[in-house]
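There are two complexes below, and they share chain A, which is joined by chain B in the first and by chain C in the second.
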Partner chain A sequence: MPFNPPSIDLTVLGMPALLMAWGMLVLLIDLFTSNQRVLATVSLIGLIATAGVGLLTWGTQRTAFFDMVVLDNFGTVVNWILLGATALSILLALDYLPRQNLMRGEFYALLLFATSGMLLLVQANDLVMIFIGVELLSISLYVLTGFAVPRISSGEAAMKYLLLGAFAAGFLVYGIALIYGFVAANDAISSTSLTAISQDLAAKQAAGIAINDPIILTGLGFVLIALGFKVSMVPFHAWTPDVYEGAPTPITAYMSVTTKGAALVAIIRLLTVAFAALRPEWQFIFAILAALTMTYGNIVAIAQKNLKRMLAYSSIAHAGYMLMGVLSASPLGASAFVIYLVAYALTNIGAFAVLTTLENRGMAALELQDLRGLYRRHPWLSVAMVIFMFSLAGVPLTAGFMGKFAVFQAAWDADLKWLVLVGVLTSVISAFFYLRVTVQMFMEEPVSAEAAERPVFATAPLVVGLTIAVVGIIILGVVPSQVLNFVNNTVVAAAR
Partner chain B sequence: METVIFITTAIVAVGAALGMVLSSNAVHSALFLILNFCAVAVMYLLLRAPFMAAVQVTVYAGAIMVLFLFVIMLLGAEKADLGSEPIGWQKPVGVLLGAVLLAEGIYVAYKGIKLVDAPITAALGIGQPTTLSAVLFSKYLLPFEVISILLLVAIVGTVVLTRRTVKLKEAE
Partner chain C sequence: MLRPYLPILIIFIVGVIIPLAALGLSALLGPRKATKRKLVPYESGMNPIGPAMQRTPVRFYVVAMLFILFDIEIIFLTPYALYFRQMGLFGLGEMGVFLAILLLGFVYIWRKGALRWD
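Right, the complex of A and B next:
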């Protein structure tokens, strides 16, 4: 084989590449200063700079590195959401880490590396790149989950996440190998690229070869199992409550949003670019799994006493709603997914921010009853929490309602009416446990005099984060048309 | 000549595999496994895949097995405690799955099923270092480079997780 050196296209790779370099910069700065405010500020500047790169390359649509990565407006918009979610998580962590005695500079570098893996996953147009993106974000998250490691729950969470994650990675590699074996080698572009797969499937179809071969269906199934694991889709969700409970709260907020977002984009690209021809095979199975995910997450969340576990089960349910947008496999579905992701990112990180303010050093777990009488201790905080709970439940005039409305519309148009029905019913169920939180805060007395005196750590960075989340939710809920038009135009344009 | 070498290495490989499973001392098991890996590496050479053979020896027999031995000796877990099996159903299920695999292998060998339609000669270049590196540094350059970030993250993560325990001991 003649050696042809690849052309390095830094325009397409710009966002993840800059963030990786920035992560290394943060690692180096960590050598010279232990002041974590400096590190956090540098990291925030890096996130903003990376978002700026997205602005510079806006409108470009091309692939690079033998079709392995793709740059389009859809990917850039999702990248911006992920960068924003990372920035909010840094604001959450800034005062939480010293309070919990977890002051380690590597925290921010690992956070940036995890995000760069996600950006890579969003822009991946190749099975190998999907695998490496997933691993980059997972390995960073395994460590970040175990960041509070003398605390047993944190170590347990990291261990469970690592073992089950390694198992899922095995599925991913095996699935990729099966697909690679089925698809004919392509000399011009990478044989594992999604474009090459769709070309090969089209060629096979034109030649009258059956493409619903057991080998490729098994391969696709295995890849979807691994990505479904990252999204915490039922029945691959079992790790979620334990990991979310044990991880440091800002990390829980971070991964509950970003991992799902990035992995779902990979699923969208995989299903609509590479395997569009197999749509009848995957759409029905996926719809059943989405229905199970919504139902299971919302029903089990009712029984939870621990707030982090409750939000973990609620995040499983929200993954189900986002899957509705994904499996609609239409431009409308993709834009509905983006809107849902924005709403979910603001709301969920906001809700975890409230938990962060209440979590003091040495606290074993944050129970539902710890919220009792929060209204008297800190009225603004409880009002913010009410807004987050309403938005998670999908009450009108909040961002959560717009998100749910968009995905239901997309699923309805994709002729999955029964799935919309399941979605509406489970939303009604979910309202019960979200509103219970509100009742606890406003109408119940604190469990003890000591509980009524507990400090609230609403420090400046956290208040900034909370304000951004609340304002975002209200803007998206009250005047959604600007955002909707923007997302619809960019995503629909990208899909053409 | 090739047949003689093949039969010799095959006997060594199977013998080492049996020795690995049957020996009750974990260190002996690990050593048998190294022998098995080396025998398989010779088979790769017979298949004209020198790179695979080198990787088999350096990565598996070298790095991974040394790690195995290290952990076994560090934990002092040389002697397997055969009396207590925590998961009772593991053994019969293992035997059953092994039997299924064996039956499958015999069936495939007996029927002579061709798993690949393409002529075998076309694939001969795959095991060559030059072919591999040409692909690695052209088509798969980007994944290759990103893996370096992945390894960096792994190293940083290891440092983060282990240095903490040192700190904890100092505090006690």
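Right, the complex of A and C next:
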């Protein structure tokens, strides 16, 4: 039997492949140097080089490896956002790790591996590829969550994340099996690629076979449960606060943005490419889940005293807003999701950067009252925090407002007006606990004289990261038209 | 409307009933004659030596993980050896990449001292 090698087009996989190789390089360099700055710098160069690969392949749209991965401008834009979020997280981690005595070289290598898994997930055009991407990012993140391991809460967080993540992975595989069972039941199509699934569904519809069969709906539901777990969509969110609280703060910043972004792109591709024909079945359920996610996250965040837990619940709520863009299932919705992701990445990583500067060694948790009087200790830092809080709340002239505006518009156009109403109302609720943070910083006195003297670790890399976040938020909030046009053009063009 | 979902409900119910029945029936019907030999902790038929709550060196764990790594290498190499000729240069390149990644892991654990026993 002659062997036909598959057509290999590595340029399609250029971004994830380069980043993966670069992660291995970082792993090797770690063996010969203990200098963290070198590793961080090499990792940053790798991220920039990977972004450059995206520039080289810009404008092309093709699939490779039997339709398993796809290269398009939509995916490249999201990849750039994920790479940027990773770079910001490295800036956060650079001085945090030695301060917390967590100097281990695997950190940067694992960060790059997790990111490459996300890039793969973004470019996945096949259920099996989605599974590989999810696993690659999850396994690296389990380790990174437990990186602060002498601290009990970090080990607990890693264990919880691992157990629940393994459970979710089970759902993913079972769902893939059910979908494949339905698609490949009658004819010779033996592929789990998203395009093949949509073709098969269309063929079945043309032949008069009902496609809203329980098997495929159960399968789709299972896959969405697993991806919803990664996004921390509401009935599957229970791990989020504990994991975000226990993980090292730069990792919390990192995964609260990137995991959601990558998994939501997978959901977009799944719903709009493979299961567009089943839209009446999933859209309403998804809208209810998005409404629940926004409401639950914002209401429970009010009760939180711990800042990381508060931001964890707020990240659940923001997942709900991004879901609004996703479930609109239109080019407008996809571009709204991308805009929201940019705004959310800058804002959330910025907010966690402020927490990173305040977190001292051996500090168990940063409470809301620890922020009291921060304005006296470090005026610039508190001004930056105010901008982040305003942007998270969606106050006009910040990036958060543009993001919310875009997703509301997309949901409105998709005739989900009640969902827009829920989104607006929950944004108003969220303003309460975001503004409470600013009140603590500006209008309250420190709890004790000792608290007033606590050091602020605003070191150079952190200041750079904070500046990028603040400038990005203001640019996107005040003069958004360039970014909006760019995203609209690329994403809408990719959807055609 | 929910009619097609009936099989799933039935599977669910059967899935709950079977373990409950197995446990319940053996608890109801099974005779309980505790002898000394039966109460001894099971250790693959051997007479247990010493208490079970002992500290085990985690070195075994590292070795077990490394074993899996190289086990997987063999699993992938065996079918490749069978189709070595047909796959030609392409196969050689693919296997080279695979082995290079594994070798990298090997160098890593070596340098990190995971192979040192004490």
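We take it that the second predicted complex is superposed on the first by the 487 of 496 C-alpha atoms of A that agree within 3 Å, B and C clash if a C-alpha of one lies under 4 Å from a C-alpha of the other, contacts with A are read in each partner's own complex, and residues count from 1 in each chain.
Operating definition for what follows: a contact is a pair of C-beta atoms (placed from the backbone, for glycine too) under 8 Å apart; a residue touches a chain by one contact, two chains touch by 3 or more.
Model, not experiment: these values are computed from the prediction.
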item	value
Touching partner for A:214 - first (chain B), second (chain C), both, neither	second
Partner chain in contact with A:129 - chain B first, chain C second, else both or neither	first
Contacts of A:149 with chain B and chain C, given as first, second, both or neither	first
Partner chain(s) touched by A:28 [first = chain B, second = chain C, both, neither]	second
Chain B versus chain C as contact partner of A:445, first or second or both or neither	neither
Contact breadth on chain A, by residue count: chain C or chain B	B
Which of chain B and chain C A:415 touches, first, second, both or neither	neither
On chain A, the residue positions that both chain B and chain C contact, one per complex	1-3, 5, 24, 27
Residue numbers on chain B that touch chain A, as the complex places them	125, 131, 134-135, 137-143, 146-147, 149-150, 152-154, 156-157, 159-161, 164-165, 168
Footprint of chain C on chain A - complex, ascending	1-3, 5, 24, 27-28, 31, 213-214, 218
Sites on chain A touched by chain B in the complex	1-6, 13, 20, 23-24, 27, 65-66, 68-69, 104, 106, 109-110, 113, 116, 120, 128-129, 132, 135-136, 139-140, 142-143, 146-147, 149-150, 190
Chain A contact footprint on chain C (complex, rising order)	4-5, 7-8, 83, 86-88, 90-91, 101, 104, 107-108, 111-112
